[in-house]
């Protein structure tokens, strides 16, 4: 990734210290497989400001030979790279580290070849997120790389294993917001585990770059649309992870498409099994994440906004209101679906795996308003 | 309301039959108190096409003397009327029937004076919706007209009483969508009554015509915002009505503001207390509303769209999917918050009270896309 | 088009007068060719409330056998009709009048067969809008029905010819707003005819029902995008019509896509060739359209809003401000691109051709807000 | 501005080099007067990543005592600062450099006091943008600090003077996009100077943080609204600067509000006075800005997108199409109105004034999609 202008964060570092003749070597070569989608573009955007690595190849069969800025006009003059049609082997040869931003069902064909050549990988698809292949196959279809083991890449839960993983399965966007919002409630053992209702609303970039009737402006605009109301593939993913915290969790999950470009909000409805106050559930959450660089816990009654996290890697959690008459509480969790919900979290995982500072390249402040 | 053009439905009727010298007399005079808000404007829009009545006065202290089209540019050349600053007495003198589209807390000052002069009234505020004044006072503040009795104006539940009512309390927007979506589930006795979760999303017109930080385009755009997550005043209203169907209903209700101008969607999450199929719950709902002119029950798995009801008086109900593993079902209910959620339903109530055809003035097809 | 509910305007008329045993016969049979697009859906919506005709067939190869409400959920329970795959001959046999809502290049294959069987036609494509086939071929491609003659269907300019036409070419959306906004300025001979700049902004429904990258929510949302900045096919259409009023008109036309579902705004910038006041140009416009049922001329300085015309057949014209220092004036014209810009105008043309009241079926008030 | 988390660009720099014991001193203290608006919030966001300065005070009378993150939830945990109610004197005492983000008419009361104490200032209001006070007074009202001289802060035109200025008047958002888009056309002497038409569309954040009817979601959504069509105060500002390039420029300028949060697009319509090709006008523009860090000139026919610059300091210029038949050309210029159109450009000016690298703190990549 040659830079044609010299003002990205990385270059700044070098230039600023140029007098003192101390240079910071950029030595890790990164490949992105399936780079033409939104998560691929977002990886390019984020890594343009990462000082430890350089993107050396971005693959796309369909857009082979076109400049990455043809799909990502924000990268014009910033990232000088063309899409290439490369085999997994070629990517592995040229890269120290690879992100696979390929669709579900495709990653399982590519990742084994990358791992086999010693490349560490973060996979952004659903292919390696499940311990139990039967669950995968029920929601996604046949799995052809059942022996490949991955670590579920939610740093707030699995940082230690991520550090040593060869392959990290980057979490889904909905699960990221929901698991982060629910963990403290489950750990504290204060809610009915089989009566959890999660009503999530996703920005339309979550549906990908390919135009479809459901994402046509005229259909998605001025509308709110629940979909896959009992069968979304992120429901078992959420349940898998929450059951690690405490057995017996069932999540009644309904995702919605809303007229928002970036942003994902989860309204988490729980029934309480003991008397707790709003402050207690808020403090338990704040305590759980007190050392986390990318989780911000708001005060009781404060509702997180999408603009507070837009373009950033934060998950903001708020609400925390207890309704004593109905033995229930409401927690609200918000992320940028393309950043903490996808590419930002993938870079966070890479940082952990490589021993870089966890926040490297991710020091973006949300774009409000 | 003098019409300066001659092509409203009413005029059409007259002209069409002009040869045969049969005229249809327009003889009911209607007043609108508090006509400068969105529900007032919507009443004017709907009544412009109503063949049985004529709007003779529209009150607003703030906009006194200004033409109604100054706030409602859609009425230009169609409704020739100015806002007036009139007492309840003056309105009653000039009107056979009155809509009070005044804010909560104001209607209770005006309605008794109207009723006292023999005018029948549909009130669009929350002031007369509660049997139990204590509930009202907990959510809204002091009530100063406790002796005034009203019928709750949801025709699908209370048509017979509405017919003879002097005062009809027009339901809230959220309750309309929620009660219609839940009634058959409760009547059939198939759900856990105290574990009902309703997650509703309202278009921003529901917040009224007065600009506020929360409705500023920069704040409401590209965002989804839950609010009053345990304390919205529509929660007890929903519970009051559903408890008429079966005792013990508790509704965990969370409203949201979404970037939509008109439209209200309620995702209704219920836990089942017996084994039922998707088709069974769908058919029970379809059966309940089979004679209703303004409820359309979709097929299992079909999700209603806001554009299907936009500008119309329909409530579309769909989803009806049963998740056997989690003993739950999801039902989705959609209305236009300003029509079936406010002014359209108010006109439907007037039609019932006056013995007009129930659909008069409400024969609008939704504006899709 | 059997109606499963009985409350459309047409039915209302019948029912209301049922006692008096006077029935209004619905006797004209209408066919819609290419009914699966947005203009086809909009014809169905509008004709559902038209008392003189009945839609008897709606063709679509792609959606053959599917109910029209599968694409138009607003028509659920209102229009009971399935898409059929019919030849032009079959449509002609079943219909007294046909709308061809087919794409450019397709209408020219169908219309001659319809006319040959004595059916009168309004064509909504660009195929028959040009006197000069060379202009058509430059902007659209080869024309294969060069001998078929049509009347340009802008009633405000050509009402008399429309009345007797066998084939009316329904105007484009941009030309409708621009020609109506500019006509009085040209007639009055007060502007530089070759320095007219028109900057138009269209809602995304104007791009049709087929999802494309440019209409993907993520691309069309939060963006304003000029396109075909020197070569849009509506530029010669505008010039053709305005040159009928006065020779030498050249229009510098740039269309834009804006994040709006329905609505089209044209900002018309003209340079004045004599001293006139804002009031004079406003009054000339008001005078020109004083008898027009669907043109509303606002006061000097008033800017029309899209919501004032949304869903209605109006064209609202405003602005009319003169900048004496720069010898220029600005006029603003707004329509609903699917109604006055397409299907509403098509029905207006049918009404004129058939001798119906011109506003029949078009008595819709705009949906504000 | 104490940082409670340690991952802003500034901190990163320090940490990264911690081993080598080389620290980069942060030594310039910055004050922001009128910090509660959108440009104030945007200054805080941008300066959070600036390694040469520290924001030491942010004033607001209205929000005195409240944390800046109460208005800017994106700054939660990132900027630890409260709004203070300070006199100009107190701000000057505590700051080496001040941004005045106060409304027009207020800056003129504050800036002289700041300059009098030796503080250098970038003023974001319109108060000091005009050489000719009479022009200011015609468009804004009385001026009370007529003797204060400022440099017009468009770096691409006035970099040398900005370097030595005590006071820089930061340009308006519309003028930034328009002047950058038009300069090369005027310098090349190829257009009719008195027939320039500029049709600009601004995101709603340009109207400020205070809710108004025009920015209410229900009014601004699904609408395009021209305003001040012959009298916007940015018209004389554009003319002032372009007349420096060549005498006799008159700009027919019409601004619009569009349903976009951030982003400003100007469609520039010019009439040519000699024969030139699209490539020639494109190349002249590219040549003019070839060393500019924040202007990207696209290829002929490429249209800039708002998402390409969203959150970044870029101005993207494209289009450049020549219509030989009408002797005209169209150029399109796009910025983020809050960044290059306000706070980003203000920081760019500070960087130039202080001798910092011009791109410091501004190395943000646009947020696409």
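Read from first to last, the chains carry the letters A, B, C and D; within each, the first residue is number 1.
Heads up, the rule we're going with is that a contact is a pair of C-beta atoms (placed from the backbone, for glycine too) under 8 Å apart; a residue touches a chain by one contact, two chains touch by 3 or more.
What you see is a predicted model, and the numbers here were worked out from it, not measured in a lab.
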(request) Return the chains common to the contact lists of chain B and chain C. (result) A, D
(request) Tell me, please, which chain's centre (mean of its C-alpha atoms) is farthest from the centre of chain D? (result) B
(request) Go ahead and note the Å separation of the Cα centroids belonging to chain B and chain D. (result) 46
(message) Can you compute the centre-to-centre distance for chain A and chain B, using the mean CA position of each chain? Integer Å is fine.
(response) 41
(message) From the mean C-alpha coordinate of chain A to that of chain D, what's the distance rounded to whole Å?
(response) 33
(message) Quick check: what residues of chain B touch more than one other chain, meaning two or more?
(response) 38, 205, 209, 218, 222, 259, 261-262, 305, 307, 310, 369
(request) Sort out for me which residues of chain C touch chain D in the complex. (result) 194-195, 197, 199, 201, 203, 218-219, 222-227, 229-231, 250, 252, 254, 256, 258-263, 265, 267, 269, 271, 303, 305-307, 310, 319, 321-323, 325-326, 328-330, 332, 369
(message) Looking at the complex, which residues from chain C come into contact with chain B?
(response) 5-9, 12-13, 15-17, 20, 22, 24, 38, 41, 45, 48-49, 51, 72-78, 205, 209, 222, 261-262, 293, 296, 298, 304-305, 307-312, 316, 357, 359-360, 362-369
(message) Please output the residues of chain A touching chain C within their complex, sorted ascending.
(response) 38, 204-205, 209, 211-213, 215-218, 220-222, 259, 261
